[in-house]
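The structure that follows is given in the form of structure tokens.
We call the chains A, B, C, D, E and F, going by the order they appear; numbering starts again at 1 in every chain.
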Amino acid sequence: MIRLTRRYRFSSAHRLHAAQLSDSENRDVYGKCNNPFGHGHNYTVEVSVRGPLDEATGLVVDLQALDALVRERVVDAFDHKDLNRQAPEFAATPPTTENLAIVIRDRLLAGWGDTFSAGGTGLERIRIYETKRNIFEVNGKS
Amino acid sequence: MIRLTRRYRFSSAHRLHAAQLSDSENRDVYGKCNNPFGHGHNYTVEVSVRGPLDEATGLVVDLQALDALVRERVVDAFDHKDLNRQAPEFAATPPTTENLAIVIRDRLLAGWGDTFSAGGTGLERIRIYETKRNIFEVNGKS
Amino acid sequence: MIRLTRRYRFSSAHRLHAAQLSDSENRDVYGKCNNPFGHGHNYTVEVSVRGPLDEATGLVVDLQALDALVRERVVDAFDHKDLNRQAPEFAATPPTTENLAIVIRDRLLAGWGDTFSAGGTGLERIRIYETKRNIFEVNGKS
Amino acid sequence: MIRLTRRYRFSSAHRLHAAQLSDSENRDVYGKCNNPFGHGHNYTVEVSVRGPLDEATGLVVDLQALDALVRERVVDAFDHKDLNRQAPEFAATPPTTENLAIVIRDRLLAGWGDTFSAGGTGLERIRIYETKRNIFEVNGKS
Amino acid sequence: MIRLTRRYRFSSAHRLHAAQLSDSENRDVYGKCNNPFGHGHNYTVEVSVRGPLDEATGLVVDLQALDALVRERVVDAFDHKDLNRQAPEFAATPPTTENLAIVIRDRLLAGWGDTFSAGGTGLERIRIYETKRNIFEVNGKS
Amino acid sequence: MIRLTRRYRFSSAHRLHAAQLSDSENRDVYGKCNNPFGHGHNYTVEVSVRGPLDEATGLVVDLQALDALVRERVVDAFDHKDLNRQAPEFAATPPTTENLAIVIRDRLLAGWGDTFSAGGTGLERIRIYETKRNIFEVNGKS
């Protein structure tokens, strides 16, 4: 088994605010991330895929297919967008980077079977760098 | 003469839209940066200062004073803010990173004389990394 | 389960010298790191925490609490210090980065229960970059 | 148990071409990497070693021995070489970075027993950065 | 005046060999870079452009036009190519990174007038990272 | 004219303390860098050299000669050393990174004429990264 990790980048705006909390609680929990006008980040996403080596080609994954999947389902959906107002998953859920990691994982898994044949390559891990100091990870399986 | 460069970071949202252009022209000029809901970036700012060495201390600049100046006039003003709606300079001017570099330079120059004595350390250059691929610079003097 | 990794930095001096070895053996084992006057490093420490997502806030860990714990027990203890002479753990133990990783893990575990409630977030891993080429890791549980 | 990761670099040329595929299939599978004149990369290799701590020295591995092993069996074999024509493993196998990771792992394992005593330090993982965006990993055991 | 620096990447193979020198002199001058089978690098190129700010748009340069110019004249010409055999400038000239910097500068200047209007944006500097340790620069004007 | 920048690294301990200042003034000026037991850094030094291109070889500088000069006069003198106690220039002068930049420049200039022929390659600039946030530069000529 071999693992491939490929990096993607996108830039988005977001505001952290939980509907279930009061305004005062929101300020306590999120600090300046609760700024009502939002703020933004350059996100770096690492998509890790694992699978057996194709003996003839010496490749573990079709990079063009992976790029197409990530671009269509993730980068085009979030790049230069306001996550709160333009991504349906965050209409009622705070767009923390934790939730963003889960959403990216679920979006990729939803299209995985159409892109990669059964029994072959699997999604191992999603890692997001919110900034150079804050990094979030979820495993590939729900 | 010695030059010191110190790095700062902040995260902001912005939308690129020029009042003097039509909607169609705005989309042509700014592309996806014209998205009406805005997007965001992690900006890295390098502030370069030049000056003579203080022979007794072996220092070119009082770092605590520089940090206070940059924090008060730049980082606190822009970090976790929406540049279009929360920074007065961008009420009518598009918050391109070019304009952001000029605004940061002018904000620092406005407070320079109160922080550093005349004839000593000068502001040499402002450099901003909008992303890892796009870097903008202005000289310290208007 | 989600993992958060947060980066911290500190700069320290140290000298590698094992009390159980002769001077000649120390020079053989540690090379120039055995220099009697010591030398120093900028250490980068990655603290990885795992836990369930808080559904209301979308957060996996209270970052302010984590920062306070790491600052009080690790950064303040080691930053701009001489590890051999100013950190009690290294009075008789050589301050290799391996041992430093273990000490940081144990210092965080000692304060963990007061910071994070039982059953929730756990310490997954400590990783230290001694230089860009040498990286050390220990798991969170002793 | 402690893990040490140490980074090495080398620069090589390669051409991706599978003997089992037709010329047209090769162009489809490898794209511009199938260019008959080859191209090249700066590879960064991370060698991760795990083992118990030597209590006297506080070290997990003899770095000089590890460096000698990696230099003799990997860096000297591949640095400033054409992988297709100068590395025997790639005479009939396409030098994808996936295969390169496996070859490096096997070369290190072949010399491991002569360098490190039984029961002690083990090879945990090989990771190669082909570029900043493409990263490949294999576990240490075949 | 504002300066914009934009980063591009390509991977190429090359062999250093000067026609005017004997084989023995070539080995002395270029060391392992004279390996007859060649080797390769991931090059990072920074293109720095200077110009006045467009007051209406707040932009210093049309990034799409710059990207098109660099892609057509530089990246497409060198990426996944063997510089000695596939770039006409290096048919008789050794493809050192020094010469590569000059060739890139001259290729961009040759197309500059068709892309950017007279009196406006100028090419300030080309910088190439051959590896993380070796960086080469030429000014924009011949 | 072409410029080459080459990076070197060394790790040292130092303590900032000015003989001309009182203990209290030293604590005010240097803060925690005045810690009597010292602390340390991984320094990255960039040595920038400019000169004409050698037409036959396509090289601007003999890298082996430059490496030998920097290793003998800088890296060997400072790596894994205590700057205050093991570098003669800092016996009475505080080893700030500003002063370190000047000392490195002067050490290289002292050996320059024996390494590089007159009229040819010149030392353009010394840049030191004390940490990722603090960078110091001096020009090559005194």
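What we mean here is this: a residue touches a chain if its C-beta (ideal position, glycine included) is under 8 Å from a C-beta of that chain, and two chains touch if they have at least 3 such contacts.
Quick caveat: nothing in here was measured; it's all calculated off a predicted structure.
S.K.: Tell me which chains count as touching both chain C and chain E.
M.R.: In this structure, the chains that contact chain E and also chain C are D, F.
S.K.: Under the over-half criterion for shared residue numbers, do copies chain A and chain B use the same patch or different patches to meet?
M.R.: Over half shared, hence same.
S.K.: Round to the nearest whole Å and give the separation of the Cα centres of chain B and chain F.
M.R.: Inter-chain centre distance comes to 29 Å.
S.K.: Using CA atom averages as chain centres, what separation in Å is found between chain B and chain C?
M.R.: It comes to 34 Å between the two C-alpha centres.
S.K.: Residues of chain A touching 2+ other chains?
M.R.: 132
S.K.: Please give all chain pairs that are in touch with each other.
M.R.: All chain pairs meeting the touch criterion are A-B, A-C, A-D, B-E, B-F, C-D, C-F, D-E, E-F.
S.K.: Where on chain E does chain F make contact in their complex?
M.R.: It comes out as residues 16, 18, 20-21, 29-31, 93-96, 98-99, 101-102, 132-139.
S.K.: What residues of chain D sit close enough to touch chain E in their complex?
M.R.: Residue list for chain D touching chain E: 9, 11-14, 32-33, 35, 37-42, 79-82, 85-86, 131-132.
S.K.: Would you pull the chain E residues touching chain B in the complex into a rising list?
M.R.: Counting only chain E, the residues touching chain B are 1-7, 46, 53, 56-60, 63-64.
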